[in-house]
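Take a look at the structures listed below.
Shared between the two complexes below is chain A, which has chain B as its partner in the first and chain C in the second.
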Partner chain A sequence: MVLLWQVLANGILLGGLYALMALGLALVWGVLNIVNLAHGAFIMLGAYVCYYLFALVHVDPFLALPAVMVVLFVLGYTLQRHVLNLIIRAPMFNTLLVTFGFEVVLTNLAQMIFSADFRTVNPGYAGANFNLLGATIPLARILAFTTGLSLTAGLWFFLLKARLGRAIRATAQNLIAARLYGVETRTIYAITFGLGAALAGAAGDLYGLVSQINPYIGGSLTAKSFAICIIGGLQNPLGVVVGGIFLGIVESLTALYLGPTYTDVASFGILVLVLVLRPTGLLGRTA
Partner chain B sequence: MKLLIRWSVLAAALALLIVLPWVAPATLVQFGISTLMLATLAQSWSIIGGYTGYASFGGSVFYGLGSYGTAIAMIEYHLPFGVGLILGALVAVIFAVLVGLPVLRLRGHYFAIATLALAQVVPAIVSNLEIAGRNIGLILPLLKNDALFYEAALGLLVATTISIWYISRSRFGFGLMAIRENEDAAAAMGINTTLYKTLAFAIAGFFSAMSGGIHAYWITFIEPGGEFDIGLNVKMIIMAVFGGPGSVLGPIAGAFLLSGISEILSFKISNVASLFFGFVIVIAVVLMPHGLADLWHRYKKLGLRYFSENIRENRV
Partner chain C sequence: MREFQLFCIAAVFLVSGPAFSETITLGASVQITGPLANTGRYYRDGYEFAIEKINKKGGIRAGNVNYKLALKLLDNQSDVNLSVRQYVQLLTEDKVNFLLGPYASNFALATSSVSEKYQVPMIQGGGASDQIFSRGYKYIFGTLPVASEYFSSNIAAMDTLKPKPEKVALLFADDAFDVSVADGTRNILTKSGFKLVLDKRYASNSSDFNSLLSLIKDSQPDAILVAGHETEVLNFIRQAKSLNVSPKFYSFTVGVPTEDFRKALGKDGDYAFGMTSWLPSAALKDEYFGNGEAFAKEYADRFGYDPDYHAASAVADVEAFAKAIEAAGTLDPGKVRDAIAHVSFDSLYGRIQFSAAGQISLPQIMIQVQNGKLVPIYGQKGLINSPLYPMPSWDHR
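On to the complex of A and B.
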């Protein structure tokens, strides 16, 4: 029973991070109708920026968060403004291919610059943990969990209340009407993609705290982020949180009962099942 | 007259490819085998991705199933290579039908993502199977005859291309193109879209699996990471798109050209070749989204304006 509770707690904590990972993908997908296959590579880059800030200048990963997000925002903004905006009206397959190209380029550049060695970010509190109803909760994980949820909530309020957030939602809902009301679409697209990249960077920053990083983590993280978006649906950030925690729990339970080699089978199996049975997501309304 | 020239050029190119293994050095023959296989994969992808318009990221699954099917038939049941090849392809076709029926109901992004997930799930399952040698892999009987594998790969590519040529001018092929242009309209015209799509998926699976089977016997050692290599999807899609998806010879041109360039680049540093593929996709999709085949036809008339026209068509 204690074991089960521990596994559930691990799953939930992992889920908070997963939610943050998928959030940027969901934002870009929902607003720009681009499924960004380079999303995992952005997460990987965020993790490396955090790693180098920590290893070279000794900046704590949580303090480094804004810097990491700014770096990734600039990258995302530039890619959308100068490349993706050129093909935004092409068939969806073309944008899929271009972001796929970004993924290949970023992964290989990362391997050439950072080397393929595994890296970890180990601040002083990395080993610290406390006891919650019999389960051991590592401090770094609970901090990552709360940061992830705070950023998700922050994005929700931004989209709901801020002027820029409303312009983004307007563009997503009706491009022509938004333009008529004076929304500069090209900039909004670039800002949205930049925000998606910044969120991916934040997820990467926290990911380095709980797991090892190397240049090749991007691909499977993109696929996981997809799975979460599909499970939760794209309607609102809450869906992504539910999807993230759901996937975190499923992975932890699979690792316990079937063995760690089956975690990917379980998560992607669920992805395919949900896609086939309920393409709008478990929480989504059918169109 | 023009037709005659075209056919004689094709025949000459084919003759050159046939005699190559008896005159060229061994390394070139080996490069030839992998290029011919990639060309076959690009062609198979073009059936489902180019003609039918369903962007599959799961071609590596068929390739892997074909190579594992062949290997298991030869090792466990001591069947000859030819029989193993057919059995492997049959496994892939059955898989394509069983998975295709639910997955091909999805459209757009959703289909792409489902196939991407399949490309991750199937190798994970295979690496847990006792009969497939788990993570360790399988060792096939050794046959050191590169010329034979070369001719087999070439024969498969020719068979795939002839099939595509035949499909492209058949009722079935027009049905697939109708599905690509507008699936609802195609259904309204009386096309059995489910049957057509599944058939296209199965044909693509059949040829990819044959290619995987030849690869397994040639390379003699197979393991999940190598045979279900996700990177294969990258290559087959880029080659098909670069060459011109939905044209009979475009994907072959794309495969030969890109394989050649990447081989020259990876001579120095292996990463440079992959990096090159990444840049090629981005630049090709932005500047020439319809591939080499379209560039060939329209560049003569438009010149450099061809590229700016493409951008103007799709930008915000």
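On to the complex of A and C.
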């Protein structure tokens, strides 16, 4: 019983991190209709920014979070403004190709600049834990979990209440009407893509606390984020949280009952099931 | 104009000089980029370094001709299928003379079929899985010890520890090499009378081990043996700490001998056991580098990081070709293949002599990280240094 509770707790905490990873991808996908294949590479870059801030200037990963997000925002904003905006009206295949190109370039640049050495962000509390009803809860994971949830809630309120957030939603819902109301869509696109990259950066910052970093972590993280977006749906940030935690729990229970070889089989199996049974995602409204 | 061309041709002949009249090209497709680039670099640098040294010593003399060695190196981007195509390209387009191997068992497993098909020998120091050598192939040779015996020195050492670990957990990734390791380890464990309380296969490239660690905590083994990849081992140890999973003993097939591992983990890397087929020792004499210690120093100065057994194994591959070609006295692939099967020499890596199946036999030395340093613990002749055992629990470090 303790084992089941422990594994469930592991799954929920893992899911929080998953949700944060997928959040930026879902935002960009929902608003710009771009499936950003470089999303995992942004997460990787965020992890490296955090690593160097920690290793060279000894900034705590949680304090470094705003700085990491700003760096990634600027990168995302620039890429959208000067590259992706040029082809935003082109068929989806073109944007897929361009973001795939970003992924390749960023990954290879990362290996040239950072080398293929494995890095970890290892502050004193990275291994700390406490006991909750018999389960061991790693401190870093619960901090990452709460940070992920806070950022999701923050994004939700921003989209719901802030003027800029409403402009973003308006652009996503009805492009022509938004333009008629004076929304500068090119700027909105760039800001949205920047926000997506900033959220990826935040995920990367926290990822380094629980896992190792190397230039090639991006690919599998993009795939996982993609699955979470499909499972949760793109309608609102809450869907991504539900999708992430759901996936985290499924993977943990699969590892416990079926064996750890099958975690990917389970998560992508669920992806297929969702696509067949509820194409709009778990929380999506059917048309 | 025509005279100028003739002059150029003459100049080329004059400059290239009589020192080497011919070139032998060794072809290899190695992981220079991609997820395996971290280990792939040992092969890139090892091959290059060995070829350079052999050329400096006057190259290879076969028959009555002096040959210079050259390397044709392709980047397979850590992609097995690309690597297979590149080996075909190396033989059909680039017309290399012989093949050096890629890193990792699944790569060697797939690409050795190319060398077999074209009947050109490949010596590889990157794949240890028993599967590579159990198909009756004649053109593949390997300089890593047999995968199924990777843990043998560790298990022999566990027998001598006090208190003796009784319950053992075995975890392994689901690729060719690690499955071979696990199959062999399971046998040795049962023969030596250990109780296997957990035997789990996990997906290669897993980054989350929390469920597995919870299972381990539940079955309370004294010792954990992990056959996986370095990225997984790093995550495993960090997550073991954060879940406070503290066995008396844990050991890993990879990672522990590398400098990168100790750097990435810092203090958390302490107490981890592992194994290596090679330590930079002055007792290992070598014709081209002097000895193992001198090689390690020169290598670190030149490339900026310490070599481990992968690099030494790569050097041994090139040296084995040099010896075999000299013995064969010809570049005929079939004759060189027969010569490789009969080479027997001492290198900085150890004694190079291939079994009938094509693999060398080298003992694994058990090692442990103690205060950030790599310490040899247990070898063929028994205890070398005393191990730090049992491992203290994470909250008492």
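Here, the second predicted complex is superposed on the first by the 287 of 287 C-alpha atoms of A that agree within 3 Å, B and C clash if a C-alpha of one lies under 4 Å from a C-alpha of the other, contacts with A are read in each partner's own complex, and residues count from 1 in each chain.
Here, a contact is a pair of C-beta atoms (placed from the backbone, for glycine too) under 8 Å apart; a residue touches a chain by one contact, two chains touch by 3 or more.
Since the model is a prediction, treat every value here as computed from it, not as a measurement.
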Clash or fit (per the criteria above) of chain B with chain C on chain A: clash
Chain B versus chain C as contact partner of A:N94, first or second or both or neither: first
Contacts of A:L271 with chain B and chain C, given as first, second, both or neither: first
Which of chain B and chain C A:L256 touches, first, second, both or neither: second
Which superposed partner A:H82 touches (first chain B, second chain C, both, neither): neither
Chain B versus chain C as contact partner of A:T120, first or second or both or neither: second
Touching partner for A:L109 - first (chain B), second (chain C), both, neither: first
Chain B versus chain C as contact partner of A:S220, first or second or both or neither: both
Among 1-9, 19-27, 55-63 or 109-117 on chain C, the segment whose C-alpha atoms clash with chain B after superposition: 109-117
Chain C-contacting residues of chain A that also contact chain B: 108, 111, 220, 261-262, 264
Chain C-touching residues of chain A, taken from the complex the two chains share: 2-3, 6-7, 10-11, 13-14, 108, 111, 116-120, 122, 126-129, 136, 138-141, 210-212, 214-217, 220, 251-253, 255-256, 259-264
Touching residues on chain A, where the partner in the complex is chain B: 29, 35, 83, 85-90, 92-94, 96-98, 100-105, 107-109, 111-112, 185-186, 189, 219-220, 223, 226-227, 230, 261-262, 264-265, 268-269, 271-272, 275-276, 279
List of chain B residues in touch with chain A within their complex: 49, 53, 55, 102-103, 105-106, 108-110, 112-114, 116-118, 120-121, 124-125, 127-128, 230, 234, 237-238, 241, 271, 274-275, 277-282, 285-286, 289, 311, 313-316
Of all residues in chain C, those that touch chain A in their complex: 33-35, 37-38, 41, 78, 174, 200-203, 205-208, 210-212, 214-215, 217-218, 230-231, 234-235, 238-239, 241-244, 260-261, 263-266, 268, 394
